[in-house]
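In the part that follows, the structures are each spelled out as structure tokens.
Below, chain A partners chain B and then partners chain C, in two separate complexes.
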Partner chain A sequence: MRETFRTHMGWLHSWVGFLGGLVLTAIFATGTLAVFDKEITQWMQPEVVLKANSVTATPVALHHAAETMQAEQQQGRFAFITLPSWRDPVIRVLHYDGHEFIGPVLDPIDGHLFPARQTAGGQFFFDFHFALRSGPVLGCTIVTILGICLLVAIGSGIAIQIKAMWPDLIVFRPFGARPRAWLDAHLITGVLFLPFLIMITYTGTAIRARGILPPHPLLVARHSEQTAQKADDRPKGGRKAAAQQTDLLPPPLAPLIAEAKERLQTDKCELILFSKTEIRIFRSDEASLFLSRDMVSFSRADGHYLGTHIQNGAAAKTTQLIHGLHYARFSTRLLLWLYFVSGFACTVLMASGLVLFLIKRRKNAGNRIMFRLAEGLTLATFIGLPISIMGLFWANRLLPVNMPERLSAETDVFFALWALSCLHGVLFSILKKPLIGWQLQITALAIMAMGVPALDICSQTHSWLHDATRYYVLDILVFLLGLSALFSLTILKRRSV
Partner chain B sequence: MVKPASPGTQPASVSARTKKAEKRKTVYRRIGWLACACVLAYVAAHFAVITSLQWGGEENRIAVNVGEVIATALLPLLILVAYGARTYKWGLWLALVCCGIGAVVCRGLL
Partner chain C sequence: MTAFCVFFLWAISFWAHESLQPRTLKLFPASNQKKKALFCLRIVGPLLGLFLCLARDVAYGLLYWFGLGSMAGISISLLMVLLKRKRGTLH
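This part shows the complex of A and B:
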């Protein structure tokens, strides 16, 4: 058997791409949705009324926010405040529940609490994207390793296709023979979005690189430092002691925010953290491409200025740039849409790669059980994931607003649907009826996706006249997904005849 | 009467079996080579991070972040070179040399 450079790289690309791609497709899909995490959260909390002009919080609203934060801290939660921004013009008092940042939402004008339903919102996709909902250690490590796998797959893909890059860029035959159409889709998205794919994969992996690179002395030192700080910050003696120590309301926040803006030389501050002794006000992530954690500290007791922390220098700027490019929080709306479209194209790239892998091996290995399993899993990734996302939206509108443990019920619906899709796919594949499996799941996707706007209209949980853009956009996008599923179904049925 | 096989030819089943065994052997060899490439690339990347610790000065944490950024780029690149260049037999040697240099730099011998 003659072994050439291209056969080596082809083998590496196929196997690393397929095995990693099964999870990476889901990571990219959820990452793409996480670009609009705030907007999805707003769609999922229709009780929150957004006023586009209210991007600055009034002193009254800040006072109410401080009270709410204090009440949260007295319950033993590490609560903090996010200030209104152009994408999310409300005040949020958030805490980390192990997966998402959730908490009460306040009006930035008068500070009243919105009776918002408990939901994971867009944060769910963010958490799944970077930790597969398996926590910051295991989940992040798996995602980072997969990031390296993707970089290897990209490199090997470039190596085998470098000579034909220009033809790949302009040739797309969607109505050609089946392998040809899938290969064209794979190549055109791969070549066209290659710079974005490399940038987003590299920055994402570099951000979490500490998870896979071996421990070193600094890590130990830092860990012990953080543990000591946490122990210092968290009151001893449990919740009772916590309540005693956070009894004092922090000083008025409005003057502190104004001073922080002046010291940081910015017009936007977004995040306010409260430790036992300090109030830390951070520069907004939207302020610049460099995602810094520049902040000003004030005393929690009387609000006097304690210090400013600004990181400059080439090394710090490099890290900030990597974070900024990946999180894209500096973006204008147009740039956010570009991230979204590029992320979607990369998801299509990976999904088409999975299908290509199966098509190429069907003739020789089609009867093997591993092939059948791979086919079922591909179906669950390709169609099952969008079905379960639609299920999450359905659950958000159908579950009672005041239901206890509502958040986990929503996410349970998501995972139950995904598991069901996986079982269904594997079963039909083992029964040697994969085409029927695909048709059934695509039908389910079309019905569920086209049902979301109808459900949104029927539930009438929000005013369609007041700031309804977020509803229109999501509903239209989901409807288009349903239409494209319907179109794919007709093509699939025509081919099966 | 059984007709003897002509010299230089084998029955089809034997040929297919040999071909299958050869293919399996090739795949095992590829996996082994890839595993070696991964280990060596990982060790080299690890040394890159450790080296950044020594050059960090006072702002050690930021220097380590940059070390991680470099190591993240180095890791897939070395895997690709070490595995891909096996056609020309120098892939693993290159990765091994990178590890050696990393080890020497880390020990402060340079």
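This part shows the complex of A and C:
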């Protein structure tokens, strides 16, 4: 009876894990990078000079930010301001372009505009992680359904492994036979990072669960009410009307921020939204584990206080905790690094699962076309994705700074490389030369990853003496990825002899 | 400093856990007294770590505890690979 149950669970784990895992690996990899989205954006905008001590914007800088925001709104964009924080000590005037939040960057001291290159930055990974770059409806729905698949795969995985989980808690035999080493890698990451995996999958799925659940009548009524209110807030009559309504410069922001901090009883505010009639100042996400949207509203015309919105109910707090745990906008570097390493381990877990699926079926189904296709897709996920991420970094440094449509060009490079890797993988797999395909792509990854630091040095886009930690860290990590690819290549070549 | 202590406590717990497994006892035999000490370490380490984490920060404590535990597990696992390879018993 127990064995039958385990067999069924094994089947479920294999198929749900493999079919979902092809995309989930990419979702986890990009989510892991999105932990440091701000730092990646800073690496990709070397023109922006960061001053670590300037986490408070001066009134002059805020005035310039308000002017920039107004100019953006007059162009019909729903622009808002993010204040300097310890992770991103600059002022940003952002708007949503359908995929990322992008916009001008200002110095928090004197408010001058940095001539920053147009780039998706770390936001690219964030967008891919939560919507697969397919928009908030289709993309989010796919990701949420895959999240449920992952929960099923985790549950069935626990059922298979429950007996050996305790004694084999930290067993790893990398020099063992091939399936053994991959299985150990899969199990050790799965077991040791199980709390993180369950937490991040559950919170990620719960955040967007409403998108796949049938709508409750009460929610529908509330949503239409909110939509009507939003429509009322937004400028009517297109760009011309918007320009007229945002002609007036908002009142000085510094006193409003000070008042908002006092009313919210916090020492950090990060976000300022501007509607037709109101200015809304939000508590910083870094302030607590609970990611709240507590805010203070002021009149846009003269800056007088309108109200405070603080959610304290049990349901609201639960939602805030779920958001806070998943979005990881913490104010401690150690916790961010723990998230990063855990995310990386979960990516390894899924990628090793894909390889195991193929190893187990190669003997019986190795000649089938579907197996060949699966092998090519696995190669594209496992190696092709890192190659295309490296391609994004290369494009960021190589494309001309003032190139029109630069942002799309960068992301086009990413997707072109990924498509190329996929084609290459499938082709070599169909030609029954998968090992050569793996070797070629790993070589390409090693070259591209180890080339990023060299390219960063050669491009001379920034100083290496001041404000260079962001460059050192990313360059070193990418170089290590290249080295590990080189090491894997050596092992692969040794085994193929 | 707290993070380092918690990591260390987790690490010795994982070490004790692996040392108590029959496959490891074959390679590194232990006396009954040592086995008892390892058994105690295996239980006390994570509990003490949890206490330290929660005492430092109630809200973030559990996240630190789980995160550092996973890191310590991976580290000890890799260390065991090296030690066992040195003994020439790992395939």
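Everything that follows uses one rule, which is that the second predicted complex is superposed on the first by the 487 of 497 C-alpha atoms of A that agree within 3 Å, B and C clash if a C-alpha of one lies under 4 Å from a C-alpha of the other, contacts with A are read in each partner's own complex, and residues count from 1 in each chain.
The rule is short, and it goes like this: contacts are C-beta pairs under 8 Å (C-beta built on N, C-alpha and C of every residue); 3 or more make two chains touch, one makes a residue touch a chain.
These numbers come from a predicted model, not from an experiment.
K.L.:
Touching A:Phe357, do we find chain B (first), chain C (second), both, or neither?
P.N.:
A:Phe357 contacts neither chain B nor chain C.
K.L.:
Tell me the contact category for A:Ser288 with respect to chain B and chain C: first, second, both or neither.
P.N.:
A:Ser288 contacts chain C only, not chain B.
K.L.:
Counting only touches as set out at the top, which of chain B and chain C does A:Leu338 meet: first, second, both, neither?
P.N.:
second
K.L.:
Figure out whether A:Phe80 sits in contact with chain B (first) or chain C (second), or with both, or with neither.
P.N.:
After superposing on A, A:Phe80 lies clear of both chain B and chain C.
K.L.:
Now for A:Ile188: first (chain B), second (chain C), both, or neither, which partner does it touch?
P.N.:
second
K.L.:
Once the complexes are superposed, what residues of chain A are shared between the chain B interface and the chain C interface?
P.N.:
On chain A, no residue contacts both chain B in one structure and chain C in the other.
K.L.:
Spell out the part of chain C that touches chain A in their complex, as residue ranges.
P.N.:
Residues in contact with chain A: 3, 14, 17-18, 21, 59-60, 63-64, 66-71, 73-74, 76-78, 80-81, 85, 90-91.
K.L.:
If we count contacts the way the header does, which residues on chain A are in touch with chain C in the complex?
P.N.:
Result: residues 167, 169-177, 180, 188, 192-193, 195-196, 288-289, 325, 330, 332, 334-335, 338-339, 341-342, 345 of chain A touch chain C.
K.L.:
Report the residues of chain A in contact with chain B in the complex, numbered from low to high.
P.N.:
Per the touch definition, chain A meets chain B at residues 1, 3-5, 8-9, 11-12, 148, 151-152, 155-156, 159, 202, 205-206, 209-210, 213-214, 216-218, 222, 311, 313, 315-316, 318-319, 322.
K.L.:
Quick one: which bits of chain B touch chain A in the complex? Just the residue numbers, please.
P.N.:
By the definition above, chain B touches chain A via 22-23, 26, 30, 34, 45-46, 49-50, 53, 59-66, 68-69, 71-73, 75-77, 79-80, 83-84, 86-87.
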